[in-house]
């Protein structure tokens, strides 16, 4: 099953010559990659399909392939599980909020870097620092920043002029904020870099032409630069929103979905369901639903990218 | 592009950039600063920005089991602490897994990318199939993978994680290397073919030397992803194999996050190699993270 | 037997046909130029012959061997790419010697052959250097060396002289001709420059839309184009193509259009009648054959307005409006012709330059 | 008063003179070409007029008003760049109305103006297409129309033909010239293509190393070049330059050519010794057989233009270009050539100046 065993090192009963005849050269060299992906993605996906129709729990002591079928009751339950629905809604909220914040910050920042000034390169290097940090460490840093006796509370108390000790991470209303801020902090730099690259690659002469035709900066930005930048913006937003949709690391480190289920995102919900409550069948159904939605989105995205790639 | 700014506009711009720089670097500063604080400064209020008595004790706890035991004995009760093992083990495991997965991912990725670019294998939409893999939420795959791995006795092994990491970084390898290969005119290989070379030989002899910088960048990029990975490490291991990210999380969870200085020390050392590699390939980050769609 | 035979060669990319039933035969030692616009399918043709593209139909036969299904490294052909494609990581020497690496030529024999080729092409000083330090012409010459060091059954050159100075171009053309004579090598030479094609080759094949429009000697292609595309593509400025009606009043043939009437000479009448021409047709006149005079003369009886005149020093190009036809003429320099003035024009339609309006095909002359 | 006046403008880039002390005056409605090889300073000059580059010294005047300190927008100058800079993400209509929008013209008026201009430049069918979907010659027309819509005082064209193929280029030359005349638009046209400059301009300014070396009508540039550079730069196929020996006395000058031919004229103001003789390819006369005064040259290559041939023959250890009517000739055959004194240029070897044409006349 391992990828290496399937790669061009040929099973004994097939001679090299026969293999070459069977599989054209170009297919043969794509095989290792293909088989790895199949092993790690396709086979589990098939297992998920099976599991989602069962109520299997590893604690029951029967092997998963002999689990009892419950057909589509898992899906029924999911739709009626307020915790799941809330997790989905919360995840979408996180995606929308983070995308809006990241995009606006990134665009605003990138526009400051259009013309050349001393230290520009160094400034860019510092600003993109967060995206290089290991996500778990970034979350760890935010964990410390948002501690009830941490620097954030101290800064707030300086601003409002009285002591401020608020336990951000254990407050059901506010605990999501540090998670989102951590995500925004870490990934705005990427958006910034993408938008900046897009801006730098804009055909300078079109902007120059608009300038000579007498257009103001605002008009040039809205009428000429923004439309030209659209493909880059769309790619950046799509790539980022798909990544944000999967958000797990900061949630796990900062709150583990708590307090209660107040910060549970889809990934966290599924982790808790599978690895805390061991409801594998149930979570498999959720996984399959998410997969279907993601694949649908991917399909749309790939068509878009395909067009851009030409 | 637009001619000169007015003085106050320029001033405003510079100030904004400075604020952005401060915000971008502050959490990292805090992480590093805390890692050098003695225990009593961890939670002082108002916070200690830079310790006046910096100590290496936190790092000692992270790396030397003996120092950790002493510390645990002293702090028992005040701060619950029960992480065993040293960071050396985590670094070793992460190095083995990340390196092996990187080598496989880049090797398989190079071959597949070559096949896709030069032979148009699988048609226009074939590379997108790999992209889809990256779009999958790993948590959705992890559940059955745990089941599958336990059946195949792959859970909590190096090989299991290597396999998972290879598969989930292949999209990056393929797409990045593909964009590098596409920048080499096909006529170069064509010439080698016409003058008598076999295809793979021609690729290795003619095209590869021209893209090896790009392949190296891809490798570093993939290594960073592997090193930083958390979810697979968390779910596919049960204690025998420990990656650095897992070790960080262990410190956080072991003490309900109260072990600030130690957490910070572990965080600092685990993130430094990644930042270092990240700056080496800074030019290629955009290409990588946008799957080759946006180039410099 | 011909050295190279292509039989109904087809190549399709994503539903667009790049080569559409290309058939042609090239004799041993022949120098054939393939000329056409960008995207006419010229490079695709060469790459398909070389085996870099797999043909979607038809056969490639070189030296009597059917190569259609063989991979490129077994075809024994050379191709000089348009973008030169020298191996950037190899020195001039390694580049030139490259085709010998895969054969079993002994080491010192390789050395000798590279040296002699380098001497012939005057690139000895480049042997130890990397291609990025070469000038355009030097790159070209090294690539030529690589293409000819291992004589194959066919040498193909894809726009080898674009982007070079005019003076280097002439020098290299002279060298190509010399090479061709000395080695008696069969050559297919692709270019978009019709003058280059007409100057270099024994025969010219005009390619457009993946189809061969005409193959013939330079004179044939210029003087007897088979269709409108060839007529307009070969020759600069292009041939004027004018719609007219063939009338037969009191036994005399004439071409009539708005604003002009061109009688066919009595002596020619018989030939015209034998061609069985339709009433509605078009005729072509080369700009050089248009007579332009400042006043009406016997040779130039038709009134026209001058739209603009381009004085190029050695000749002038005049654009004229005659009735509802715009006409280009090339006249000797320093004629007193100016824009917005009146001029008189003379045209002599010739029987080989009559074509169908609908199909754009020239009518064959009667035997 | 001139439409545009450049008065002794200079620009240095990193210690090198890009433009040096350049003066030029354009009349209203004139079409003037700045012609020169790349790096001669013509684009810098254009940039200074457009306002992208600030001159180090000198004045730029439009209608007599100094515009040095105005921004590009305020100069009322139209600019069409080499890559046309058509807004690729906007429709052709939006492209054409862009300048009018900026001016604050009402929607209805804008529409009317755009339609009118589109009709004039044959763009009516393209109005709803996106800029990015156009081919190069369509883009050129859109760029031109977009600029003309703003009714600029002066139109600057920067190599607008260099992205087009030869055929289209030749066709558009006349059309552009006709449009310019019908609008009486003042045009400064920057190009490195001598045929473009000769065929379209009222006057041509030939530039080299940041200076104008000759400013004259196309006819004079071709027939009375000021120096060797202009003589060689103008004309296609280019001028032949042959070394020659000049002997002169009070009454007459004799020019001895390689291969034995001698040209004579009345006395010329040139020092005796080694000089250059410039001969246009169509001024070389082919004679049938060896005759007195003719030189011999073996034929090396024939360029076949269909209606004419350009012969390349080896002469004075270089290739000599000869324009001739088509005839059957074979490579290697010996050509007999004659030069005539009233159809050659004598170039002073030390100063590279062309000895004034009128004085070089046939004698005996």
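Labels A, B, C and D are assigned to the chains in the order they are written; within every chain, residues are numbered from 1.
One rule holds for everything that comes next: a residue touches a chain if its C-beta (ideal position, glycine included) is under 8 Å from a C-beta of that chain, and two chains touch if they have at least 3 such contacts.
Note that the coordinates shown come from a computational prediction; the quantities given were computed from them, not determined experimentally.
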Could you tell me which two chains share the largest number of C-beta contact pairs? A-B
Cα centroid separation, chain C vs chain D, in Å, comes to 28
With centres defined as the mean C-alpha position, give me the chain A-chain C separation in Å. 56
Distance-wise, how many Å sit between the C-alpha centres of chain A and chain D, to the nearest whole number? 58
Touching at least 2 other chains, the residues of chain C are none
Residues touching two or more other chains, restricted to chain A: which are they? 208, 211
Mind pulling the residue numbers of chain B that touch at least two other chains? 199
Examine which chains touch each other and state the graph shape they make (line, ring, star, complete, other). ring
Going by the touch definition at the top, which pairs of chains touch each other? A-B, A-D, B-C, C-D
Over in the complex, which chain C residues touch chain D? Could you list them? 37-38, 166-167, 170-171, 173-174, 177, 192, 195, 198-199, 218, 222, 234-238, 286-288, 307-308, 310-314, 317, 319, 330, 339
In the complex of these two chains, what residues of chain B are touching chain A? 1-2, 5, 13-14, 16-17, 20-21, 23-25, 27-28, 30-31, 34, 43-47, 104, 107-109, 111-112, 114-116, 118-119, 121-122, 124-125, 128-133, 135-148, 151-152, 159, 163-164, 166-168, 170, 174, 199-200, 224, 227-228, 230-231, 234-235, 244-245, 248-249, 252, 257, 260, 263-264, 267-268, 270-271, 274-275, 278-279, 282, 285-286, 289-291, 293-296
The chain B residues in contact with chain C across the complex are 185-188, 190-199, 206, 209-210
Tell me, which parts of chain C touch chain B in their complex? 47, 50-52, 71-73, 75, 77-79, 81-83, 85, 87-89, 98-99, 101-103, 146, 150
So in the complex, which bits of chain A are touching chain B? 1-3, 7, 25-27, 29-30, 32-34, 36-37, 39-41, 43-45, 47-48, 51, 58, 64, 108-109, 112-115, 117, 123, 125-138, 140-145, 147, 149-151, 154, 165, 185, 189-190, 193-194, 197-198, 204, 207-208, 211, 217, 220, 232, 235-236, 239, 242, 245-246, 248-249, 252-253, 266-267, 270-271, 274-275, 280, 283-284, 286-288, 290-291, 294-295, 297-298, 301-302, 305-306, 308-309
